[in-house]
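Same chain, two partners: chain A is paired with chain B first, then with chain C.
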Partner chain A sequence: MTEPVGKLIEELKNLGGKVEEVRGREIYLVASRDSLRSLAKALYSAGAYLKTCAGVDERPIQGVLSVYYIFGLDELGVDVILRVPVTEEDARVPTIVPEVPAADWCELEARDMIGVEITGRPVRRLVLPEDWPEGVYPLRKDFDYSTRPLRGFRSELPEEVGVPLGPYHPALHEPEYFELYVDGEKVVDVVYRGFHVHRGIEKLAESPRFTYKQVPFLAERICGICGFVHSSCYVMAVEKAAGIEVPERAEFIRSIVLEVERLHSHLLWLGVAAHLLGYDAGFMHAWRIREHTMVLAEYLTGSRKTYGINIIGGVRKDLNVDKLDKTLKTLATVREEFVKLAEVMLSVPQIRSRASGTGVLSRFEARALSVVGPVARASGLYRDVRKDYPYFAYREVSFKVPLYTEGDNLARLLVRVEEVLESIEIIKQLIDKLPGGPIAVESWDIPPYRRAVAAIEAPRGEDVHFIITGVGKPYRWRVRAPTYQNIPALRAMLRGAPLADAPLTIASIDPCFSCTDRVVVYDLKTGSRRTLRISGGVPPCPL
Partner chain B sequence: MSLVKILEIALKTGRVTRRYPAEEPLVTPEFRGSIEVDPSKCWGCGACVKVCPPNALTLTPSGKSLVLEYFVGRCIFCGMCAEVCPAKAITVTKKFELASANLRDLRSRVVHEVLRCSVCGTPIAAEAEVRAVVKASPVSEEYAVLCPRCRKERFAKSIGLRVGAPGGGPS
Partner chain C sequence: MLHSLLALVAFLAGVTLAPVYDGLERKLRAAVHTRIGPPILQTWYDLVKLFSKELVIPEGGSWCALSAVLELTALIASVALLNYVPLAVTSGTVGAEVVAFIALLSVATALTIVRAVAQNNVYSVVGGFREFTLALSSEPFLVFSYLALVAGGERPVFKLSSLLILAISSYVLSSRIPYDIAEAEPELSAGVNIELAGPLLGVATMSTLLRRFLAAELTALALVLVVGFESYQALVLALALTPVVWVAHALVSILLGRTRVDMGPKALLLTLLPLSVVTVVIYGLGL
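Showing the complex of A and B:
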């Protein structure tokens, strides 16, 4: 450990933290309820971001319920993980939201899922539906996967019933719901209600029918756009926990495919952004260029999406001369066409005027909410997992991290435009340096109750998987998709802004939405209510 | 004005959408589609069932037989089954036009005869699997047709006979 890390650890020890384990670049500390807040504060002032927190039922192993707080020190590339164990009878932990605002959601999620009460803050259900019975916690180990609790119906209905058809269209996958409170045309507040379609994927992976080998395919289905990020992040977490050395060639192949995925994702988003701004010609051409990357992905992996090539210890599909050649040709075409299109798109006056100065997220707010990916980089935060915690083959390549300070929709657009070009250069370098050798280890062994944190820079930002290994399958697998971290920032972006900018601003974080999303608009003066339709062709995604 | 350049791009590009189904669909040589199980090669061992992430493959006893069923409606086309199949009975095809008005068309089955223990009659495994095991390894056929419990007993007895223990060892 380097000197600044050692100094920080000393400080944390003095505040009551007890070092439990140091594994690679992960430091595990046990904290008591009383020391949690001062430890969180010290970490936050030392520049750490909160990656996420996770409730774990550790009663079968150590007789306690634990809440893990995963902090990342980007500048040092070190993760500090605080574990607060509490007994089942006295399952309470204090909130750390006053010190670390980004903990808002994950605290509530831990409360819902394993039943640890969070004290010192207003609480509400975040993930569980309103009619879920009290005192039933789905991620506790004594809650069997196949249990379907009897859910009560509300006995009394309000006299006046609004029937919003939607936002939950029965055929669409991923509804998100924003209540925008407006005064005239100005948005005064935003309430987000999500998790309508929580799929219980973390619990499913613990169910008897899943094994270590099957989970990568499940992980890949968390997101319809950046699925490979999730399967990569899962296998990386397991490999880190078990100490499996992945062959270099496999790491290169994973990195190449991850960048191909970023290309298609950013091109998709640019198309959607153009469409939202009423510039459908731009949308059509962005998606036409994107199609080259989709065909390339299929040629490299066997599938346009959900590539299915990640296995623990390596990859399933090798690259050959033909494939590398085709990749370079496709990249040349995409680059040439994309540069032309980007130039045209950015010269459309309506795009510039509607995107600049709208949906502003200040650097201060971005830091407080620990936002990730292009949203962070457009607000002046130099954050990129590929640089901060280099994984796979990213140590071997040089690239630029686009940085803007305006924090508006245009900045987020420009970050993505530049990232497309950077990704193309990264793939070229990786192909140039591609080493030979095997693409997977022959066998592996995963000892139980080892922990690891893995993070990968997804097109939308940092994706985090936390794992505790079990027997034959993960004991606990916690997934934090990038959108989880970025949605809370929308409140800051939308407040005080004109209503007309809301659709673009919501889309500007590149959330994983259903094809059609709706926003209910309350007019504070008249009390009336109307729904606003955002049609943006963004396929489904995260948790 | 540079924004008019979009017209130039559009004219140069022309039509890119294929006239599918009149035109051949665009599928690369690496594409993974649905799988096919060759009944003449399949052993009915269930290795594919264990690895299948979405439970598209199932192995269930039905009367006197053991049925391997492939339900393409659940298949995610990962091809892991083909990778683990010890009999090389599974091939990954390039088929993807699989829609049908009849649910039965989405299921295909391989029916295996079940071998029963020659002593107690407990079902052991698919006959084809036992045959393959006998062929591949120097297991005496006499033992291969026994269930694990009877096999253990007979083995213990034979050891007992060899060392001359009274009663032929524990049983």
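Showing the complex of A and C:
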């Protein structure tokens, strides 16, 4: 433990925190609800950001319901996890939102899913639908996965919408719902309602049909674009909890595939951004170059989609070494064509003028909301899990983390453009240094009730998986996708911006929405209300 | 007599060829995108399909349908009248056909706005407002340059300057990127057309195509008039040049992105207003 970390731990102890366990870079403290806010404030003042919080039903093992708050001290490369246990009879935890605004959603989610009341703040349902019965908490252990509670089918939409085409509609693959309050063409406020397609994946992983080995297949189906990120994050969490040493070659293979996914995702996003700005030539060419990245995945793994690769303790299949030359040639093609595309795209006057100075997220707001990924880096936060918490083979390569301070749509675009070039260099370095040896451990054992936090830098930002091991399967598996962390920032980004820039600004966080997101616009002058469709290829996926 | 016959042929060709030129544009766009693209007659196939569907009157009722049909009628009449402009130039008088052409074009724009507002949808209303803003920042310059070319007499520099203004403002008339903000699919979900379907969407599509035809023919005609051609020669040449101008318009739209309602009109005013002042000065100098 380094000196600054030691000092911080002492301070936290003085504020009422008790160290439960120190495992590698993870420090677990137990806190009473009376000391929670002062501990959260101290951590936040020390430079930490909130990665997420998670409600856990620990009644079968400790007789309590717990809320875990996972703080990341990225400058020190350490996670501090506060656990606040409460009894079922008095399941109340004070809010930490005044100290840590980023806790807004995860507090509400813990309230929805395990029934811990959050005091000192307005509450509403976040994940559960409005017609879900009171007092039924899906992530409690006495709630069976196959239970289907009777619901009243209450509409969540105000009646004045008439026939609502969304958020539930056959044409909408994955609905999200924004209410934009506008004055003329200026957005004055934004309300978000999501989670319409919450699939209960965390509960599903606890169900009898799943074992440790099967969860990677479930994890990679969280996202259609960065499925490998989620399966990697899950296996990393399990491996950390169980102390499994993964062979070096497997770590290299995982890192290579992660970067191929980043290339694919960023090229896809760049095309979407061009389309939203009316520059369809950019859209078509970005997606044409993206096709090469799918060929890359096929050369390396035998499959255009990066599914079915991860297993606990390594990877299922070795890289196709016969095709490494082809891989390098394809990488060179991607780089050459991408550089040309980026130059042309950034010289289109409307792209520059409309992306510049719009959707601004200040550094202060970015830190308060603990945003991650390109959104954070475009607002001046040097935050990249690959550098802050080096994992897999990232400690073996050198690369630059693009950083901009403007915080606007253009800055987020430029971060992604530079990251494409960095990813290409990372893949080349990894292939060059690819070690020999096995690709997976021969056997492993996972002791029950061990905890671990795993984080991976996904294309959209930091993906976090928190795990408590169980018998034959996870006892609790918490997934926090990067979009979950970045959506709350949209309110700050959209307020005061022109309505015309709203689709681009929403897309600029690279959200995991379906192609047909719904936006509702209120005109403050006329009081009228209608829905707005963001068409065209915002990538599919979310939780 | 010959000119009238040619004008009739030109009118019929204009109405029937506009969708074909659009098919050409789609092919060109596809080529730049490295796609194959649809057949050249695809726009015609689309129109036939739309007109074969049942008539759906959108929320907002008959005002929307009526204004859509009247708008198309005004544009068809504009296409017909434009072919008589070379005659007016030859005679050196601003006749009824010249004034009627301007009036019909303005009426068509006004009807687009009525159609948008009548749809009772906030996005069509926003689209209508955008159409109005664009019209305000470009149509006065279109009218000015058009009249200048028709009645400008023997002033080559003045005509060249007017041609430049007309080329820019007629491009705006074509509702292409960057000035397609009234429709702006990703922002307004088709804006002024959001509630239209079937034959009414066909009518609105045909109106857009005729606007593009007018924009191309106007520029082509201005070009041949500046060069010095007159009467039916000017008409034949303008018709031959129309697809070339259409393709040039298409290329510009492929290479640019969409503007914003607070940017595009401002940029237009900042360009067209000084150009117009310079043109007037040139006229005063007798150049």
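Note that in this section the second predicted complex is superposed on the first by the 529 of 543 C-alpha atoms of A that agree within 3 Å, B and C clash if a C-alpha of one lies under 4 Å from a C-alpha of the other, contacts with A are read in each partner's own complex, and residues count from 1 in each chain.
Methods note: a residue touches a chain if its C-beta (ideal position, glycine included) is under 8 Å from a C-beta of that chain, and two chains touch if they have at least 3 such contacts.
Predicted model, so just to flag it, every value in this text is computed and none were measured.
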Return first, second, both or neither, reflecting whether A:H285 touches chain B, chain C, both chains, or no partner chain.
-> both
A:V348 contacts which: chain B (first), chain C (second), both, neither?
-> both
Is A:L36 contacted by the first partner chain B, the second partner chain C, both or neither?
-> neither
Which of the two partners, first being chain B and second being chain C, lies in contact with A:V397: first, second, both, or neither?
-> neither
With the two complexes superposed on chain A, say which partner A:F217 touches: chain B (first), chain C (second), both, or neither.
-> first
Once the shared chain is lined up, is A:L108 touching chain B (first), chain C (second), both, or neither of them?
-> neither
Partner chain(s) touched by A:V187 [first = chain B, second = chain C, both, neither] = neither
Is A:I253 in contact with chain B, with chain C, with both, or with neither (first, second, both, neither)?
-> neither
On chain A, the footprints of chain B and chain C overlap at residues 281-282, 285, 288, 348-349
Touching chain A in the complex: which residues of chain C?
-> 29, 32-35, 121-123, 126, 177-178, 180-181, 184-189, 254-263
In the complex, chain A touches chain C at residues 185, 274-282, 284-285, 288, 348-351, 353-354, 498-503, 521, 523, 526, 528-530, 532-536
What residues on chain B touch chain A, complex-wise?
-> 1-3, 5-6, 9-10, 13, 16, 26-32, 50-55, 76-80, 83
Enumerate the contact residues on chain A facing chain B in the complex.
-> 209, 211, 213-214, 217-218, 221, 281-282, 285, 288, 291, 295, 298-303, 306, 308, 316-317, 337, 340-341, 343-344, 347-349
